[in-house]
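Shared between the two complexes below is subunit A, which has subunit B as its partner in the first and subunit C in the second.
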Partner chain A sequence: MCKCMSVCCLFVFSEDQILLSDCASSLAVQAYLRMCNLPVHVSCRSNAEYMSPSGKVPFVHVGNQVVSELGPIVQFTKAKGHSLSDGLDDVQRAEMKAYMELVNNMLLTAELYIQWCDDTTATEISRPRYSSPYSWPLNQILAYQKQWEVRRKMNAIGWAGKSLEQVYEDVSQCCQALSQRLGTQPYFFNKQPTELDALVFGHLFTILTTRLTSDELGEKIKSYSNLLAFCRRIEQSYFEDSQAGSSSRGYSKGPSLF
Partner chain B sequence: MAATMELRCWGGDWGLPSVHTESLIVLAYAKFSGATITVTPIDWTWKTLTGTVPELVYQGSTITEPAQILNFLRKQRFNADYELSARQGADTMAYIALLEEKLRPALLHTFWVDAENYANLTRPWFASRSPFPLNFLVPGRHANTALSRILLTKGESPLHTITEVEGKIYSEAKECLNLLSHRLGMAYYFFGNTPCSLDAFVFGFVAPLHKASLPSSPLQSHLRQLDNLQRFCDHILNAHFSSHPGSPQPVQETVDVNLQKLTQLVNKESNLIEKMDDNLRSSPQHKPLRADPRPSPGNDKSSTPA
Partner chain C sequence: MGTVHARSMDPLPMHGRDMGVHPDDMIEVQEAEQETKQEVLENKDVVVQHVNIEGLGRTKEDLLGYEISEVFHAKNLIDVMKKSHIARQKLLRLGIFKEVEVVIDTSDGADALPNGLDVTFEVTEMKRLTGSYNTMVGNNEGSMVLGVKLPNVFGRAEKLTFQFSYGTKETSYGLSFFKPQPGNFERNLALNLYKVTGQFPWSSLKETDRGVSTELNFPLWRTNHTLKWEGVWRELGCLARSASFAVREESGHTLKSALSHTMSIDNRNSAIFPKKGALLRINQELAGYTGGDASFLKEDFELQVNRRLVWDSVLSASLWGGCLLPIGGRPSSIADRFYLGGPTSVRGFGMYSIGPQSEGDYLGGEAYWAGGLHLYTPLPFRPGRAGFGDLFRTHFFLNAGNLYIWYILQINIKLSLAECIRWSYGAGIVLRLANIARLELNYCIPMGVQSGDRICDGVQFGAGIRFL
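Let's turn to the complex of A and B:
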């Protein structure tokens, strides 16, 4: 049943370059692969975005295949015989997909908005970090190009008119929905983690441990104690053991919640 | 009660009160929650170009976007979600996100980007409902917006064209319809026996696909295989939007007519009492006004679009 998968190589941006949203997505994929007990080696490249087939990080390179983003990676591992959501029935699967879309729709979009549409954050954090591997004038050009792209997308989905407070409010509502869904269970679908748990962990943990211009986003999440406990639980179960013995620097999740 | 609320939206056709998804969502929710709104179609006015649709006008203030309009209606105590548990409320948010991400791109493509559908159905319809010379501008504008939205959200890089994205968005939309169908099961509504905002959203998205006579649509053929979703749309149309006094009752409701009238009287009385209390306390946590459930007596209160 279990085909011996050659080691996955996960490509992400380097520590200095990575931004909130990419960090969240990468952590989600890492968490998922660890939950599947698949060995993963993390590589940092400054041009990871261009190496990816879809233009988005992270992506994995296994054997002679390259797959990017959590959704396709989940399908890919499923095709190889590793799946976390096999035990779910149809209605539960529908719920899981719906909640994953909620996270993508609200949390990821909010992260992108805060990074690129909020002028303070964009000037102080996002643009310098994104363009750090490059020299002038390429760094300016790439940073502004990325900002322009993201702003166009925000325009298309109707987020351009939102204020920062409204975005924080949306994040709060999203967290409230997640908190209510999680309740007192250890994972979203009771005993076993699924890709939804990986995704939620990736985003929440990153938001909690990343320093932005204001702490409001982190504070919103901290007000939901079961979400905090959830993040700690996953960190302890899946990331703690590798922390001690890992020689390859790989991608660190930064400060821990402990 | 309240001064009348006016809703500006696209007009109806194909058996629907409106052909526009967002307008349908608001109209359905208004019916579910018992809100009395006057519907002003923007057809044949200059608002087809300048207005944002749908738009709710109330005492001088305007609210756009279905989510915000629904929030506003809830604040006005027209709350169809009152009986939902916290978890069901969370599920509602999640499913709405699913609809937006997975179903909307394919619907936009079916109606506005697919050449055959656009040329034979969508453009003539919208052009015929716009005054001269806007009939040349309005459909094209919507089509461009739709295309750019699909490409920006689903297209992976600036180099991709629409054809590469098509396969992906249609398969995601079919999966989304399947998921909705699984979730709905044999019930009439998504949560229990009474409709709520999720039902309004699903109705708004699925009904145009169900009713429009599209020349070429793999998505519509897929929907035809999902009986319960079609039944869901038809049931809502019959129960809430039918102008026939003897509209067919849903199977679950077997309430006596006399009992209904008595309930209405009691409700009116308690509304008066609540109003007096409200003036004293003005707390937003009050049990909201809810006009009596569905059938005919409620229909003549609110105006239905032609």
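Let's turn to the complex of A and C:
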């Protein structure tokens, strides 16, 4: 028996402020909660990142608990009796974890790289959006601070030396692995979605529907037709109650992060 | 008072202070004559012909002209001595001299008048650079504090100070430049650059402020005014994982750019144990019209009246109040609100633990008032009179106050009923520290406690500079 949970309140950045990587993470959590049939209310705050106990968006506020990021949220809902991966055996569970790690290490890192390490994108899109709620000179200080932080992290994991082309290539390889695993199935494991499906959907859908300085990233994903069908399927199944053409309140489809 | 040498009109030639002739040898012969001459001198009109300052290095002379000009107007010897003493105090308060000695001598030279006097101020300038180094150990934290001071940087009593504190938990620093107007020391300009961090366990909040401020002080008739502009980058965060959601919502960065004006009149005879006089301080702050995110108008005032009663006891009444009006529809920030309660405010309650709170974290209020009535008496039986015992007083007090809000919070707030006044009474012992701070040990009985307030009934200890 599932225990009833009070309404979750999901906190993200506001629409003008949110960037690709945060949008992807937030959409993944939203998809997961909808898949679990848990009512979720999205709240936009410009200081969501600082409110979060781990410093990352999105985070969920339920009762008097605050949990951030997909991994801990999955564990939290599991403790309350809602889980999507109960039907998996140990081998499948290990596989699921491996693929989730792949998405986090490849797709998420690529998104961060494109946002902050590519000068054009950083100057035209990332810094203006990130600093939009603040006034001068705080907006400049915070935007540059975030950029330095991400670049330091890229240095630490060895991505600093990569060029944009190499990053696109890495994304393509990751999509190929996902496409192969998905094959012709509706979801990654059996016929029921799991948290892996939510995570992959979050990232792929956001990349497809966000306009960056170049369309190459979206094109790479579109070349795998089963991933495209997968995204549409999840959108239709779980986000149909929202406006047509838009995944949920607060995220734009088609035009842009501009 | 310092050393003032006054020499009589002696026919022997004098070159400097070391005459090579000892007055003691001549006392028998000259004493009667000197006394007569001195008596005559006191009543005689004198003219101050020259006022010199010796020992100047980097100090510019035009600065000092104003401080010593009064001495020229002295009419007789007693007047000269008084005015020289005042001039000496003025020179010392510039903060650029280690020592000032006054030498009054008869004038000599071609244009010397028979009743002419020369006054010489012999000054020792402070060193160009002084430093200090301290280590401090506090609650689970150790820090190293380095201080550097440059008095009299450009020769006109400008002062540059820098303090840097490097600790296991936080670092903070402050750089300050002070420039008085030559001739009018009370009119001065101060520029500050600082980073300070604070932890507020009563709200589970930690705050880091990085800011710059400029301040102009000037006296006007009997009042002192301060005009200040301050730009602060404030970073708020939760002190613990268990902080309430209302405090978590306030985390993040804000920029405050505010203009403020303070007027104060203080004619008390002392800041710590005043026996008579009153203090009135009114402060207003307007934030938001010079940039920044925070936008509000804040007013607060402080009034204290003292009156001496029989047997050396003093009755003191004080009243504080304030009001914060957010402008532009945004709610006020927790860092700008008023807090009430504690050993320095309404005694008998926990530190800043009165008013609206959420899960044990106090959120402050947007308007408040607090009043206190105190009776200070010397210690019973007056031990250590005119010495150690004078640092202590016993006091009986009655404190009251209330905190109001008009912002609406959404999640998990328990609004305490603002209609009921919190008050407390009790008695205790107060100790004065230097002339700046005081320590109190009181037995308090809090009353009018609302649910949510944290009380500290029984013995309460307090240390601070500003008490209700």
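Keep in mind that, in the parts below, the second predicted complex is superposed on the first by the 241 of 258 C-alpha atoms of A that agree within 3 Å, B and C clash if a C-alpha of one lies under 4 Å from a C-alpha of the other, contacts with A are read in each partner's own complex, and residues count from 1 in each chain.
The working rule: contacts are C-beta pairs under 8 Å (C-beta built on N, C-alpha and C of every residue); 3 or more make two chains touch, one makes a residue touch a chain.
These figures come from a predicted structure and were not determined experimentally.
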Overlay on subunit A: subunit C relative to subunit B, clash or fit: fit
Apex subunit A: angle to the C-alpha centres of subunit B and subunit C, given in degrees as a multiple of 10: 100
Partner chain(s) touched by A:134 [first = subunit B, second = subunit C, both, neither]: second
Partner chain(s) touched by A:46 [first = subunit B, second = subunit C, both, neither]: second
Contacts of A:105 with subunit B and subunit C, given as first, second, both or neither: first
Which of subunit B and subunit C A:91 touches, first, second, both or neither: first
Greater subunit A contact set [subunit C / subunit B]: B
Overlay on shared chain A, then closest C-alpha pair between subunit B and subunit C (Å): 9
Set of subunit A residues, in rising order, touched by both subunit B and subunit C: 53
Complex contact set, residues of subunit A against subunit B: 53-56, 90-91, 93-95, 97-99, 101-102, 104-106, 149, 152-153, 156-158, 173-174, 176-178, 180-181, 183
Of subunit B, residues touching subunit A in the complex: 65, 86-87, 89-91, 93-95, 97-98, 100-102, 148-149, 152-153, 156-158, 175, 179-180, 182-183, 185
Parts of subunit A lying in touch with subunit C, wherever the complex brings them together: 45-47, 49-51, 53, 61, 64, 66, 134-138, 141-142
Touching residues (chain side subunit C, partner subunit A) in the complex: 233, 236-238, 241, 244-245, 248-249, 251-255, 291-293, 359, 412
